[in-house]
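Going in written order, the chains are labelled A, B, C, D and E, and every chain counts its residues from 1.
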Amino acid sequence: MENYANNYVVVAVFIVLGILLPVVALTVGRLLRPNKPNALKQTTYESGNEPVGEGQVRFNIRYYLFALMFVIFDVETVFLYPWAVAYNKLGLFVLVEMLIFAGMLLIGLLYAWKKKVLKWNSV
Amino acid sequence: MSILNDIPILSFILFSPLLGVIVLLALPQHRSNWLKKTVVIATLIPLILSFWLYAEYDKQQGGAAFDERQSWAEIPLNKETQAAGLSEFKFAFQYELGVDGLSIPLLLLTTLVSAMASLAAIQVKKRWKSFFIWFLLLEMGILGVFLARDLFLFFILFEVTLIAMYFLIGIWGYFNRERAANQFLIYNGIGSAIMLTAFVILVNTAGFRIDQIGDQVSFIYSGSYMDIFSNLSNPEAWVNLAPEQIGTINPFLMSDTMQWTLFIMLLVAFGIKLPIFPFHTWMLKVHTEAPTSIVMIHSGLLLKMGAYGLLRFGLLLFPEQARAFAIPLAVFGVINLLYGALLALRQQELKLVLAYSSISHMGIVLIGLAAMNELGLQGAVFQLVSHGLVSALLFLIVGSIYERTGTTELGELGGLARSMPFISGVLLTAGLASLGLPGLSGFVGEFLSLLGLFETQRWLTAAAVLGIILTAVYMLRAVLKITFGPQRDDYAALKDARLIEAVPMIVLLAFILLLGCFPSVLTDTVQLGMDGLLDQLLATRAGG
Amino acid sequence: MLPSYLTMAAILFCIGLYGALVKRNAVVVLLSLELMLNAVNLNLIAFSKYGVVPSLTGQIFSLFTITVAAAEAAIGVAILIALFRMRGTVNVDEFDKMRR
Amino acid sequence: MQSWLNQPLTWGSALVLFLWALVFLFIVLGFVTYAIYFERKVIGWMQLRIGPNRVGPFGMLQTVADIFKLLIKEDTIPRKADRALFILAPVLAYIPAFSVLAVLPYTQNLYFADLNVGLLYYVALSGISTLAIVLGGWASNNKYALLGGMRSAAQMISYEVPLVISVVGVILLSGSLNLRDIVAAQSGGWFWDWNFIPQIIGFIIFIIAAVSELNRTPFDLPEAESELVAGYHVEYSGFRFAFFMLSEYVYVYAIAALTTVLFLGGWHAPAPFLAFVPGIIWFLLKFAFIVFFLFWIRATLPRIRVDQLMGLGWKVLLPLSLLNVFLTAIYLELFIKN
Amino acid sequence: MYEGVSFVPLTWTDMLYLAPEFLLAAVFIVLVLLDLLLPKRITRQTIGWLTLAGIAASLLLVLLRMLDMNEGGVSSEAIRLLANSYRIDDFASLLKIVFLTGTGLIVLLALGSIRDDEAITDRAEYYYMLLPALIGAMMMTSSGNLVTLYIGLELLSLTSYVLVGMRRKSGLSAEAAFKYVVTGGISSAMILFGMSYLYGITGSVDLGSIAAALPDALVDFKALAYVGFFFMIAGFGIKIAAAPFHAWAPDVYQGAPTPISAFLAVIAKGAALAAVFRIFYSTLLMLQDENAIVSKDIWLALLVLAAAAMLVGATAALRQKNTKRLLALSGVANAGYMLVPIGISLSVVHSSNFSEFIYYLIAYLFMTIGAFAVVSTVSRSSGNEELKSFAGMYYRAPWTAAAMVVFVLSLSGLPVSGGFFGKLFILLGAANAKAYWLVGVIVLSSVISYYFYFGFVRQMFMRSGSEQGEIRVKAETGIVIWACAAATLALGLFPGPVMEWINAIFSLQSDLMINN
């Protein structure tokens, strides 16, 4: 395929369309819909009561811990994918290597498990 | 000559204090009597050995003797030297000791003053054990400085004295001991840093030796004093000797600028130790704050290290520069002499009087050096030894007085001659020796130095003589104020010297008298040690 | 093509460095670090494709960089969480309990 | 399609491409419209209700009417919201949802972009939508929205890991990230050559994780209306809300197509004697089944608790997916290689 | 478009060559699992001792390998693994021995001090986390390839971040860790940025290939090469805490647990220096003719960095009252000293840079770890880390005070100590390379440093502290202190054997230079 880059043109077209649709739709919507804001309408929804305190409250720090776990394991896949693609061309050794690699990560998971990172106390 | 040549006598002398240290470490802390005996014995051993050495030293032949050399560490500078055709190209650190006519008198002085100081040291009030350990280490350092024939060994032992002094002043000193110790450390630290820099450069430019055995050519850098001396004094020699292979390595001979720089650096480095006028403040603090035995050593020996270094490294290695610098040097000497004397005149504190007198006397040493002739140099060395004895004695007495009266203020002392006739008598004699009364050692040194300078710098000599007169004034003022005059009532009951104090006083006094009456004991040795230098100085004078 | 990539990477790197040194919010500081590392990735991949001697090595290197950056971010955030629990703030200016 | 892609690119061909993509966009929008209709209908039937039946024949215009309603409804932005981010969030949710469709192949010859890294592209872009949800939750400046957004983020990233790892087995078998190659690798003729049997563990994990990624029941905690009102889009109204909904259903489309491609043999017939039926039909059948399956479980299963959700993701699915990878690798090592 | 990248897997013999590293990794994993699975009632000191055993075994393996390679005193060719990306040569082995010994001492120190540190919650981690850091340091010494080097660097850095923050209940520790993460991150980014340019102009990450390609690359891309090298210098400057990149060091050392501060001061710094040594020597030495100016500039930059580190470290330490901050700044100055043999480059008359470097590193290892050990003992008894807590130590622990005197002398470069000879060797090297200005700077900074180093002596011997009573020294800490003091003295009295041994086995051609 000498014009492989064309495939990315297609991708670009999709992305452009992805942007265009909301833009067009929201613009059209603006022309069609009424716009009569008042203070009551613009308050934040809190089951009908007056909102109490800050809206952007502090949330449980566990979310961050999960984010950390995600970062580590998601990056693992960065290595898993090329490994998987090339696996058939490579020797037994890469399997061992990947076993070690994944094993390390599993130990990490075990560690997190034992340290109660995975335990979700109510939010 | 004798059996001394077969045994490493110099190492014995150098390490005998260390032996004492080891014994001390093994002894329990509370057995103070044992500790005291150990320290005295440990200082007596080198004393005896050094006198034996002096007796065996061939005064007719002179020059360096009893050389000892051991390799210590080596760094190959470039292992891939085949290209340069060398079989060896390395940096050698060596342990090298030796004595000559210049160092023997100072060695004797060291062992003597240390032994006497050790007697004074046993009066120390606290933490005996560690005091004695540091004391012996200090002695070892000083011995090493006079014995070392390798620049780095010299430096190491020089630093040992620095560290030991720091502890001795800082822990056992008087009220302001910490500041004194700090100032001592920083001033001398700067001095030794400059010295080290100079040494390193010196070694890298002149400290090499080329050995050729058959095809095997080895090129060795080392701190050996003799190598540096011969390379510097005969700069063309190695070029003729050197095999062709050396060409690529090309050790450059020192340029004129480099020689001057090194000379000035050495001058400053040892000038701080000496001390030369603007660098003297630390020394006053040390004199007033350090305990008696340490001041004895400091004033009697450590200042001599500065003069010795100046002589050995400044003058002997760079005679040309030294000659050219003679006048400024003499000016510094006269300034030291006059400044010390004038300030001593105004002091109300006995220790400060003596401290300034040391500055003043070191001025005489400088004057002797600056004369650049036989008389002057002999005078300088003689003055070194003499001042070593005299000031050690004076500070010993000051210590005794302070111990009894609790003060060294001139205003509070007086009439001690009545209650302490012996101490007062010794004090008077020492004072007279210090001001240069003929018949006592001080006279010879001053006389020779001034005579030497008179040959070259008449006007400066005249100014210096003024200083000598001032010396008489301040010394008599202080001594007479203490010994005679009205006595305070509470001093009437004071006891005279105990045996342990009297012994060092008498010994020191005896040597002062001996040197005063028979100066040739010392001057002969010194003269032989100086021959080489004198030849060079004269050659330079003839050439330039 | 190469110069524009390099310029872009350099700009990113500088922004990152600026952010890491100047910003007061600790999270922003950590993000700035990531920005710097991504600038490096951009460089590596640009060189790998358009460099004087194109080679795959650059891309492989950037894989490693990405991983390490992730680990670094994880550790950074973990430490920040510990610090936040202790101090209750993520303002870098307030992390000054060390005696000068 | 292939012939076009091989031609040198001109403005003309780019325009044609654009028009095709536009057509496709409308197809997708049509799918979404009727997927919603069918969802309501199917769930209605399953729960013994009738479902929408008023607007148009059999209520078929119900969704269309809803769309118009949303379009002409007033759109309020709360005063305390972060205006720029509030506006950006739904758009950001939609863009990746639509963009991932570019790489999905339908038959041997019917596809848009043929990327060598197609699967990676899908995985990478779909990750962005998490951002949009967090952003929407944060920008609303509302407690429910924020909590919903955070929950959603936690859930999506937790399940993204097993999702991504579960397809490694498929990649191992096909040795490629190109979706067409992956389908080609399943062309044994019989349905047991499709990946879902050799990769049964991966398949199950993929389905579970995919449902979770879609934030659909039983994993619809981010918008759990009984706890969090509506989760991250509680403050959204009008067409902005519609875009969140739209992207969710576009993802349904994408996931269904992807599952078909990865595990169900794409356009291949289940048996050689059925190969006369065109590939596109097979594809659509499988696709439709997956979509139906998604509706089905929504009607059947209750929502699970948040700690169960997280525990399932990290403690069960992740180790299992890694196990699957290595089982596959060992299988390949022992039986296929050499 | 791309050149073929051949894949070279490890063979079983290769694995054997890597045994020291693998062993440590295995011990690490086993210890992690043990910690997770062992019941709470079993004391975590056991894990500390196991860590120590692992390090000792690894040290033994390194020694065996080294003896094997230098049989008969002849240095054999380096062992190259994985397409020359990992090298086992005497450069690496010597440094590995240093690092392993240092870490062993640090583990001992940790064993002695941990029980009193209430702020540390994860006792086992405190020990076993040292292992990956150590592996990282070992990788850095062995790497012949920028990627391997970077991985090693990050392995070391990342674990160090965690170790610094190990005192979980202390705000200072977390703060220190955060600062370390940020500065460490900036430094890695800078190093990487520099590496990316180096890769860009030469098309390779292999040090040997870079060296080969650099002369051609310099024709067109001199500016990029400069940028690359300078970024790397800046990045490594941060890692080795050389001024002006040292600001983090005092804070981090202060907040970290004391053994970890020692680890950062010795192993982390040493590894970064080793990396600088390897990278710059392999890539720059072969430049000739008109390109030599480039290498000259870069050597000069290193020397300026060294000079700045020495002076700034020494002057900044003058005002410090906190012992750990003081030792941190002393580390800054020492980093400067160790940069000198690297920066003066080789010449016909001087090529003993490595032996100077490693001798000083060894001396630095013992004196710094020893000093930190004393600090940990004293701060344990007084509850703070102020210099004042040393007051009156002569009365409270005379022998420990004596050991501290040895360390102080060595740190300030006074005889008779390892530090003196280390500094003297470096000084002579600098003088031999005719860098007299550097000689001046070295000496000057040493003199400045007397003042603050002797501050310890002042406090210990000349002041009397508010606290009385003997300071009890834990047996483990005592072993560290005495081993370090003995080693420091021995290095000062008999520098010959060590130096000659290093010189006998190290050869520039086969042990440092990387060529394909």
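By our rule, a contact is a pair of C-beta atoms (placed from the backbone, for glycine too) under 8 Å apart; a residue touches a chain by one contact, two chains touch by 3 or more.
None of these values were measured; they are calculated from a predicted model.
Asker: Minimal path length between chain D and chain E through chains that touch?
Answerer: 2
Asker: Treat touching chains as neighbours and tell me the shortest step distance from chain C to chain D.
Answerer: Minimum number of steps from chain C to chain D: 2.
Asker: Touching chain B and chain E alike: which chains?
Answerer: Of all the chains present, none is in contact with both chain B and chain E.
Asker: Which chain's mean C-alpha position is nearest the mean C-alpha position of the whole protein set?
Answerer: Centroid comparison flags E as closest.
Asker: Please identify which chain has its centre, taken as the mean of its CA atoms, farthest from the centre of chain A.
Answerer: Between chain A and the rest, the longest centre separation is with B.
Asker: With contacts counted as C-beta pairs, which pair of chains has the highest total?
Answerer: A-D
Asker: Among all chains, whose Cα centre is located farthest from the one for chain C?
Answerer: B
Asker: Cα centroid separation between chain B and chain D, in whole Å?
Answerer: Measuring from centre to centre gives 93 Å for this pair.
Asker: Roughly how far is chain A from chain E, going centre to centre by Cα mean, in whole Å?
Answerer: Averaging C-alpha atoms per chain gives centres 40 Å apart.
Asker: What's the distance between the Cα centroids of chain B and chain C, rounded to whole Å?
Answerer: Comparing mean C-alpha positions, chain C is 62 Å from chain B.
Asker: For chain A and chain C, what's the span in angstrom between their mean Cα positions?
Answerer: 20
Asker: Quick check on chain C: which residues sit in contact with 2+ other chains?
Answerer: In chain C, the residues touching two or more other chains are 71.
Asker: Two-or-more-chain contact residues of chain A, please, as numbers and ranges.
Answerer: Residue numbers touching two or more other chains: 67, 74.
Asker: So which chains end up touching which?
Answerer: Going through each pair of chains, those in contact are A-C, A-D, A-E, B-E, C-E.
Asker: Any idea which chain E residues touch chain C in the complex?
Answerer: Contacts found on chain E: 1-3, 5, 146-147, 150-151, 154, 157-158, 161-162, 165, 168, 171-172, 174-179, 181-182, 185-186, 188-190, 192-193, 195-197, 199-205, 213, 217, 220-221, 250-251, 254-255, 321-322, 325.
Asker: Could you pull out which chain C residues touch chain E in their complex?
Answerer: Those residues of chain C that touch chain E are 6, 9, 13, 16-17, 20-21, 26, 29-30, 33, 36-37, 39-40, 43-44, 46-47, 51-58, 60-61, 64-65, 68, 71-72, 75-76, 79-80, 82-83, 86-87, 95, 97-99.
Asker: For a test of understanding, state which residues of chain A touch chain C in their complex under the given definition.
Answerer: Touching chain C from chain A are residues 61, 64-65, 67-68, 71-72, 74-75, 78-79, 82.
Asker: State the interface residues of chain C toward chain A in the complex, per the touch definition above.
Answerer: The contact residues of chain C facing chain A are 63, 66-67, 70-71, 73-74, 77-78, 81, 84-85.
Asker: So in the complex, which bits of chain A are touching chain E?
Answerer: Within the complex, chain A touches chain E at residues 90-91, 93-94, 104, 107, 110-111, 114.
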